[in-house]
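Labels run A, B, C and D following the written order; every chain starts at residue 1.
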Amino acid sequence: MKISVAILGATGYTGAELIRLIDAHPHFEIAHLGAHSQASKLAGEVLPGVGGHIAAMTLQPADALLPDEVELVFTALPHGAAAASVFTALEAGKKVVDLSADFRHKTHDVYRAAYGADHPHPELFNEAVYGLTEHVRDQVACARLVANPGCYPTSVLLPLIPLLKAGVIDTTSSIIIDSKSGTSGAGRSAKTDLLYCEINESVKAYGLPRHRHAWEMEEWALGFAGCETKVRFVPHILPMNRGMLSTLHLSGSNTASWFDLLQQAYAGEPFVKILPQGTLPSTAGISGSNRCDIGIALLSESEAVIVSCIDNLLKGAAGQAIQNANLMFGFDETTGLARHALWP
Amino acid sequence: MKISVAILGATGYTGAELIRLIDAHPHFEIAHLGAHSQASKLAGEVLPGVGGHIAAMTLQPADALLPDEVELVFTALPHGAAAASVFTALEAGKKVVDLSADFRHKTHDVYRAAYGADHPHPELFNEAVYGLTEHVRDQVACARLVANPGCYPTSVLLPLIPLLKAGVIDTTSSIIIDSKSGTSGAGRSAKTDLLYCEINESVKAYGLPRHRHAWEMEEWALGFAGCETKVRFVPHILPMNRGMLSTLHLSGSNTASWFDLLQQAYAGEPFVKILPQGTLPSTAGISGSNRCDIGIALLSESEAVIVSCIDNLLKGAAGQAIQNANLMFGFDETTGLARHALWP
Amino acid sequence: MKISVAILGATGYTGAELIRLIDAHPHFEIAHLGAHSQASKLAGEVLPGVGGHIAAMTLQPADALLPDEVELVFTALPHGAAAASVFTALEAGKKVVDLSADFRHKTHDVYRAAYGADHPHPELFNEAVYGLTEHVRDQVACARLVANPGCYPTSVLLPLIPLLKAGVIDTTSSIIIDSKSGTSGAGRSAKTDLLYCEINESVKAYGLPRHRHAWEMEEWALGFAGCETKVRFVPHILPMNRGMLSTLHLSGSNTASWFDLLQQAYAGEPFVKILPQGTLPSTAGISGSNRCDIGIALLSESEAVIVSCIDNLLKGAAGQAIQNANLMFGFDETTGLARHALWP
Amino acid sequence: MKISVAILGATGYTGAELIRLIDAHPHFEIAHLGAHSQASKLAGEVLPGVGGHIAAMTLQPADALLPDEVELVFTALPHGAAAASVFTALEAGKKVVDLSADFRHKTHDVYRAAYGADHPHPELFNEAVYGLTEHVRDQVACARLVANPGCYPTSVLLPLIPLLKAGVIDTTSSIIIDSKSGTSGAGRSAKTDLLYCEINESVKAYGLPRHRHAWEMEEWALGFAGCETKVRFVPHILPMNRGMLSTLHLSGSNTASWFDLLQQAYAGEPFVKILPQGTLPSTAGISGSNRCDIGIALLSESEAVIVSCIDNLLKGAAGQAIQNANLMFGFDETTGLARHALWP
């Protein structure tokens, strides 16, 4: 007997990825697809990649009642909009993995600073578990609400946490992070600056002076490693659909030990791969998989570059969400998730 | 107890796709990876997308003896080179799915015409089953050697066969087929004309006056539909990794009935999707899946355009190979194969 | 003393290309930039590629009076919207090159069939010169209004006209044309199906059962070659910014003579290049140039494939517009136009 | 009477760009095209974008004698190989713009450190003028040999020099530079890792721990601004043909003044555009032009991000080479060079 699942915000890129993963999952099955402007259409009309019986499912309006049998809800809605749906689902006794930013922060002040608005349900902040799976398995396993991490923070925190914990990173000045993301991270709304001809054959920085994910990185560097840090975070958008690469320009001490620290921290992890020292990953190596590939290059005893790659729609969104949901329902964490990239 | 599998030619794009699929397959497991120029390296050094324990497997030389426990061999080798490996594997009592062109033809003359060389093992022509799965399931199920169809012929024969069988296509003049392929179909050898900067932002036709796959299309239009046909086939290479779209410019009779003919032919098929009449597919809709999406637009009572899309590495190569292998070993045909695209 | 020029519809992709070409032209200078929704912004705010003093020009509303000194107007407006601006400009004594479809047809009936609406100024149909430059130089030179050809018709008519004139093409059945276009041809409006992630890594056909440009091809095959023809025209959209490739699947007689017919027709032409027989062009070879490259492959005595390539924004739009404008003002036709591609 | 020019290394991407620019230049004309492995072919056979009479020129072997009438030689050869050709050309009384790295350094030691080999003609180091045009016009004007700057250093030094001169950059710790380049910068040799399918839909860092251009940046930060600096430079390769974006993560003092410093430094410059404060450039905005677009975002009083964009083949190679050649022969610096991008 499979567990019935609802996906709210099913017609965006993250929603489509959730459909792909859940429909192939041995223990979950899709019972409800919520959409907004596209409600009442068939899934197959709006999502070109969807086949089989899912294509014939009718998209439900945002405020539709969730079927009773649904036990798990994935909310892939814009921040601000997600909170109300999360609240309603929890009230109805369902578990929730929220892929928006609404429950990633622990205080109302930081949420307001990052998102510029009041939060409708700050009373849930305490309960929400920030689901960077590798570092919070036990809490995820018994959570009712998991706040799925942002894509940039996932790519940055995974390499950073073990080094911060070991005290080898200099945190007296800002940690400089230069990230590059495929365009699917910008969502599926019809904006001129996301048109094919505007993105193709071009690269640009955006989100300055301070991207919202900078707060998330700082909050969870503290949360997981106990370190007050400041990040200088500059994201860029690239002409590719998927993939995210973060370049961490790091200073600290005893860089010769960093590779071992990372190796030990992630030994046996199914979805974190530390490349041989001096080898740096490409996003092609993880596209379509739930993996985070991490490479390190030493510049001196006190300077190193770390490069980490994830698929922004998988380990950066829908993949990590399934990884968390697996734990929430007692399944093996890797169930239904690919370790190999779809390459090329 | 899983079935042990060998992949010969593991380091090309088709080989990599076989690895991805087989490593996630519930009943097959990889026991041997054969390579040529890359032998003795680790799989993970040559294939960026490969994770887990497969990354640590050593690539074996082309002439290495296959392990005894291997029951099934996939040969993803260049035509001409595959035949000898196929022969050896069969002699050793293994079943073979050959992804090269070496056993797709029934007569030595046609092979010579298409490939310009003598064939080392024409004695196997008779036994080989041309594995266009939807049309040859029973024979595949008891085959020792399946010749996996070419990518272009798969995309063309699937829509064409039901219409040829129904006698509604005009075969007195050539059938005009204009195909567009992603670049992975051209293979992974270091050639100047396959460099990123030569392919990107460009499209070109190639393979004229007569591409090898034209013989294959004609042979199997006859084989499956009993029709002598001539095709005028013009392939093009596009700036994308995967995906193949064939545009069939067709003349015949009673075009109003064609949609129903296709619908009926493929009703219930897990991997062939006939789109609503007037709706045409895109390769984005099938990329990463084993599906063939087919759409039809009527121009007049006697003229129609049919567009079919496959992922050249899946339904056009590794996916159909697994589909056939599933049948050869008595598994459900869809095992380990995706129906949803990886989108976007 | 340079000739003052106005560009109406300056903020689309064709408008931007007109700016690029005219600002570098030795005899034209930009005096007025008209826009619609973007009026009152600076050109440089809306057009990232524009530098120098043009970036500081204010975009004028659609109904702004044209400065007196303007002698030449380029209208790069949507069909339907262009006609009124063309009329006003002619009334004010200016010459016009209209890049819309509004004056490409000679009868109101065909216009209505192709564009589904009444035309506000059919009285100008007779005066408008259809500016396929190589075939209509004398009339362009003394025209007040040039209707700049569509991109697809330009790519198709250039190779077709000499062969139709020579009577070697079979026109008893439809001429089959399979065209592939970069995405800039679809314009710059914010539509979901033009988003980067929807176009990238994908190809699709569109515009069936009958694209508007089919009427234009048939009208001018008749106009220039005196042949009643029917075309079966299937356009496709590709993941690249620029470039258009048309594949003509032709039947006729004496194909061995076709190369010479094309060679002779375009001997000495600065912007039409006939490739050696058997060599087929790529769009990379003409991107950024005003050239049309044409190649031919013979399949039999009665069957041949012709491939022609243009940059849809140059020979398919702004480039041919400048070529025509040069003639209208007595300049060498090649002035300000590139023969070499921007490659890669 | 035009000045006769030779291009050595004409069949790479930089060579092709030189051909495009010089053939459209009013005062230069191409008299000699040198190639290496492609010698004796026609230019049009090897370079798809080349049209007109240049396509019919025969490529000369590397060691061919330069015609007497040639006054100016562009060497677009690999480092190491260029020096001998430069020497020979100077001996024959010609002026040279060398686009290789061979004469960018002032001491043999630094050259050896960066390029790992002895230099055959260190005696020319002193005479060579490092041609970052905006900062060295007078010396270029009377130079016999100009060492054209590297692409990365051009994109980094243009924004950095005015700030270093003003003493507002903290040079006590390394300056962190994260650069992103289109693939044409990697050259045109047939390497597996430059294949379309390996680069497309992927991004990666390379060249660590220390890319050769780091030495060049440090040498000329000192040379032009008199500052000893250390750079931590991490280049990345992106899936696009052209374009280079450098992100400078800077610390210093009084960041509020930096915009004015840049504005004043480049006021009136034809090819350097300082964007309004807070606006960041994209490579689409400069692709196909000789411009460097620079934007600045302030993070705090002591921290700022500067983003600069060039076309690696223009301001990063062939464009700056023409800019320098214009000065060497007394022409207006902008002759034959575009300020507008080819967009999209």
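Just so we're on the same page, a contact is a pair of C-beta atoms (placed from the backbone, for glycine too) under 8 Å apart; a residue touches a chain by one contact, two chains touch by 3 or more.
In this text the structure is predicted, and so the values were computed from the model without any measurement.
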Selected interface, B-D versus B-C, where C-beta contact pairs are more numerous: B-C
Proportion of interface numbers common to subunit A and subunit B (over half same, under half different): same
Interchain centroid distance [CA atoms averaged], subunit A/subunit B, Å: 35
Length of the line joining the C-alpha centres of subunit B and subunit C, rounded to whole Å: 39
Whole-Å gap separating subunit B and subunit D, where each centre is the average of the chain's CA atoms: 45
Contacts with 2+ other chains: residues of subunit D: 13, 184, 197-198, 200-201, 239-242, 281-282, 284, 287, 344
Subunit B residues touching subunit A - in the complex, by the definition given at the top: 13, 16, 19-20, 23-24, 47-52, 54-55, 184, 201, 241-242, 270, 273, 281-282, 284-289, 291, 338-344
Contacting residues of subunit B [partner subunit D, same complex]: 13, 183-184, 188-192, 194-201, 239-241
Subunit D partner contacts - residues on subunit A that touch it in the complex: 173-174, 176, 178, 180, 182, 197-198, 200-206, 208-210, 232, 234, 236, 238-243, 245, 247, 249, 251, 278, 280-284, 287, 297-299, 303, 305, 307, 344
